[in-house]
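Heads up, the thing below is written out as structure tokens.
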Amino acid sequence: MNELVFIALATLMFILMIALAVMVIRSKDLIKAAILLSGVSLIASFVFVLLRAPDVAMAEASIGSALTAIILVFAIKKTNRFEEGGEEK
Amino acid sequence: MTPDPVLLIVIPLLAAFLTPLVALGSKKFARYVPLIGVLAMGVVSLLLLKDLIEVQPRTYGAYNTIESTTGGFQPPFGISLIVTPLGGLITFGMIMVALYVLVTSIQKKEDDKGPWFEMMAMMATAGAVGMVITGDLFNMFVFLEITSISGTILAALPRGNGEKGLNWKGAAGYAVISALASFLILAAIALLYGATSTLNIAQMAERVGSIDTFVAGTALLLMIIGFGIEAEIFPLNGWAPEVYRGSRWGTSTIFSGIIGKAGLIAMLKVVTVILAPALEGNIAMDILLWGGVITFIVGEAAAFTSKDLYRLWGFSSIGMFGLILAAFSLGGENGIYAAVLIMIGHLISKPVLFSLTGAMRHKDRDLPLSVLDGLMGKSRVTAFLFIGAALMLLGMPPSPIFWGKYFLFSGAGGESNWLLVGLLIVGTLLEAGYIGKLLWRVLPKKEEAKAFKLPITTTVMALIAVALGVLLGAVPGLLQDIIDLVVLEFGGAIIILAGVI
Amino acid sequence: MMERTTFHRSLPAIALALLFAATLFVAFVEVDFGEPRIEEELPVNYQPGEEIDTENITTPGLRYLANSSEETGSANLVTAVVVNYRGFDTLGEVTILFLAATGVGALLSFIKDDDEKKKKKILPPSLILNKGARLVLPLIILFGVYVFLHGHLSPGGGFQGGVIIASGMLLFYIAEPTKGASHKVISIIESTAGLAFIGLGIVGLMTASKIFLANDFAGDWGEVGMLVSAGLLPLIYIAIGFKVGSEMTGLVEKMRGDGS
Amino acid sequence: MNGLALVFYGGILLLIAVGIWGILSRRNLIKVIMAITIIATGVNLLLVSVGYISGRAAPIVGGDTGIDASSTTGSVVDPIPQALVLTAIVIGLATTALALVAAVGYYRKTGSLELKSWSYGLTNEKEVKK
């Protein structure tokens, strides 16, 4: 792969990933945050492919973005969907 | 015959995988599987310790080590386990604490829905042992995770019916903070792997001399934060009092006797073996020394002001971790002697105190100091054991801690480090203060008090422990051989792990 | 806006986080990105494919690259490292997953008592989801089995295969909210697979090398790249696959609990 | 320092910084656990990028990868960090699950997901007397 394309792809991935991560932290709706978090993992698994780590990419895609999000959603359903007050406290 | 050290890990894993299977058949019998596992670990570690002391140095350096490689690849290509004198001693001590907890609590009906407490106690011990004896940095991380996951579960198991939910507060805090700790350690491992291209601790120690100081300093920072959280070093120990307050006495014993100790030894191993050589002068050891002293003072001060008995013992454990860390970091023959003796004294006295406290009342309530009022009148045996263990903790002779503090003061005085001596005296006075306060409550006889009966297993185990402590305190020469080996291991100021390569 | 008024309150946190990241950044930049650091011990002007003297190599990564095919017989070098060279770590890892799955079950049994009171009504899933899931489930499980059987040949392995099976089971749960796999069966599978892993490790203690987890049959069966090759390695990965599959299923199943 | 190092290390460490900001500024336990998951992802990416070698292939030989078993040296990336990350990802899931269960338990008892102030023992002893 051309190095410039590589850098451009990686930059794009990281910008997306950081933007999603900031949204995860800022979102008051925990379910939304969990889904955004799974997006972070999904992009991370693309970065793993860029880094020539297909095994890790597979594990990250299935564990990080699928299972983690699911158990988060289950836990949120057992508790409270919205962050109380958030930053004010 | 020397057993393979890998058995120290394989046996508990086997027992852990077997426990749920046995529990499907009989829940009652399944509680004995971890007990048998810990017993077998104890036998293995005793044989290893015996071999370490008796056999003359034969492999590397001036002291004897026992090694095991896994997967059939010589280190640094495979993961190796190395039992050094300090590792062998601590391993044995930790397993004995686990045995004390399991034997003492085996009769209790804590409304468990399965053998989970016993299983997790065993796995926390196995993880701690692994952290102490492993020769591979990433493997240490894996064992750290085993320990902290079983620690989380232990902390979450409620005491009595768990009505106030104190257990969940402690467990949630510990789960979050220990996860953070382990990822910081993983980041440090990434940095060190990048700089040295190896994970084997001995090989890394060889290569680390040539790496950049800033890299080593950053790794040091991450490692101290990460392991400091596990070892309850101030100011990273905010989670610990909640765990001590909300969980069972067995959990508290395991945190203070096993998990924290393993964190401490792992931190010492990483900092002294890998990172200290990469930094100029004595920066790493100075950080640990003053961190330890401050932890000692803060822990003892908090114990002095504490109104809840469980928390009090928790804070006193934190103080002890600080004292042990300070003694190790002081280095030299006196420092090592002090550290090992104080550690042994703490390993013996704390389980007794925790188990007696737990026997007094184990509902999900805070345990105000007033439960001790007139203990002498309620149960003479309990009162005598309590007084014995408390005085042993304080360092009243005959106690190993007395000798430990003696060596510590001579070490600090010998280096004319008067600030250190002063701070140590302040900490000891605080300690004497709260232990005096407790004894003041125990001693008076109030005949109207309801008689209180200590469970027979607790009585027997506590008696054995107190007797052992008195014996080791009266004849500290019994420990001479092994402590001399530990001093050799630390080699004065410069520490060399067995040169495996 | 509320967001703007609260922004300055989290400034100290942001500043601290950035300071931390900057420190790490300066340290990591010292570790050159993309440089072949593990190959410092190779002769100058080395070309891929040349013979090298592995005796003098001390860097683990380099030696694994040079020797892995003969020593482990695995075509996937990551699998060789995970199962063979660092098999002890992997044993620890499945133990962690096992402890977590057990612990989640044990702790939820304490929470569950309160749950009984407020059981929600479960909406039946749509017909398409129900039938579709029944159709797809066997295929997903088959794919999972394929992934862990070919762990030594292609990307993937016991962990990924196990997780794929678990996600198939998850789909089944969504399609059939009232049903669940028997905890007893899951528990039996995970314990047995764990014992099998240790058993395969003890095979090493018994055979030639007398070392735990040694793969003494690495070169005995088949050639690199064939399904039957790499000695005990695929067997260990199958045990891991079953273990991870049952543990992940159990974890999700327990977290789901009743009534959600 | 080359451009790749800037993008990868910089991007990953910013991601970790976001996670740390989350831990420091949020009190909600589940949100804190999410922040830790972000940190975990970042640390895993760090480990893999430490093992990356420019212009090399994935560490798999034979089949359609076009790399011969005898010429892996010098043509593939370092497999060790990848193996470590595989382990770390699974460990991350285990810790997340347990932390969530503890959070659920805490919520059930207190009706809140906010972990109230910790003390170092010198304050906050009022609760004890009840």
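Letters A, B, C and D name the chains as they come in the text, with residue numbers starting at 1 for each one.
The rule is short, and it goes like this: contacts are C-beta pairs under 8 Å (C-beta built on N, C-alpha and C of every residue); 3 or more make two chains touch, one makes a residue touch a chain.
On a predicted model such as this, the values are computed, not experimentally measured, just so you know.
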Chain centre separation (chain B, chain D; CA means) in Å | 27
Please report how many Å separate the Cα centroid of chain A from that of chain D, as a whole number.
-> 11
Per the centroid of Cα atoms for each chain, what is the distance between chain B and chain C, given in Å?
-> 31
Quick one: report the Å distance separating chain A from chain B, using the average Cα coordinate of each chain.
-> 37
Do you know which chain D residues sit against two or more other chains?
-> 4, 8, 10, 14, 16, 18-19, 21, 25, 33, 46, 49-52, 54, 56, 58-60, 76, 78, 80, 82, 84, 86-87, 89-91, 93-98, 100-105, 108
The positions of chain A in contact with two or more other chains are 53-56, 59, 63, 67, 71, 75, 78, 86-87
Going by the touch rule set out above, which residues of chain C reach two or more other chains?
-> 9-10, 24, 28, 31, 38, 60-61, 64, 76, 78, 85-86, 89, 93, 96, 99-100, 103, 107, 110, 155, 159, 248, 251, 255
Among line, ring, star, complete and other, the chain touch graph is other
What pairs of chains are touching here?
-> A-C, A-D, B-C, B-D, C-D
Interface with chain C, chain A side, in the complex: residues 26, 53-59, 62-63, 66-67, 70-71, 74-75, 77-78, 86-88
Mind listing the chain C positions that touch chain B in their complex?
-> 23-24, 26-28, 30-31, 37-38, 40, 58-61, 63-64, 71, 84-89, 91-93, 95-96, 98-100, 102-103, 106-107, 109-110, 184, 187-188, 190-192, 194-195, 198, 201-202, 204-205, 209, 211-216
Residue ranges of chain D in contact with chain C within the complex = 1-2, 4-5, 8-10, 13-14, 16-21, 24-25, 46, 49-54, 56, 58-63, 68-76, 78-80, 82-84, 86-87, 89-91, 93-95, 97-98, 100-102, 104-105, 108
Touching residues on chain C, where the partner in the complex is chain A | 3, 6, 9-10, 76, 78-79, 147, 155-157, 159-160, 163-164, 166-167, 170, 248, 251-252, 255-257, 260
For chain C, which residues count as touching chain D in their complex?
-> 9-10, 12-14, 16-18, 20-22, 24-25, 28-29, 31-36, 38-39, 42, 46-49, 52, 60-62, 64-66, 68-69, 75-78, 80-82, 85-86, 89-90, 93, 96-97, 99-101, 103-104, 107-108, 110-111, 114, 153-155, 159, 224-225, 244, 248, 251, 255
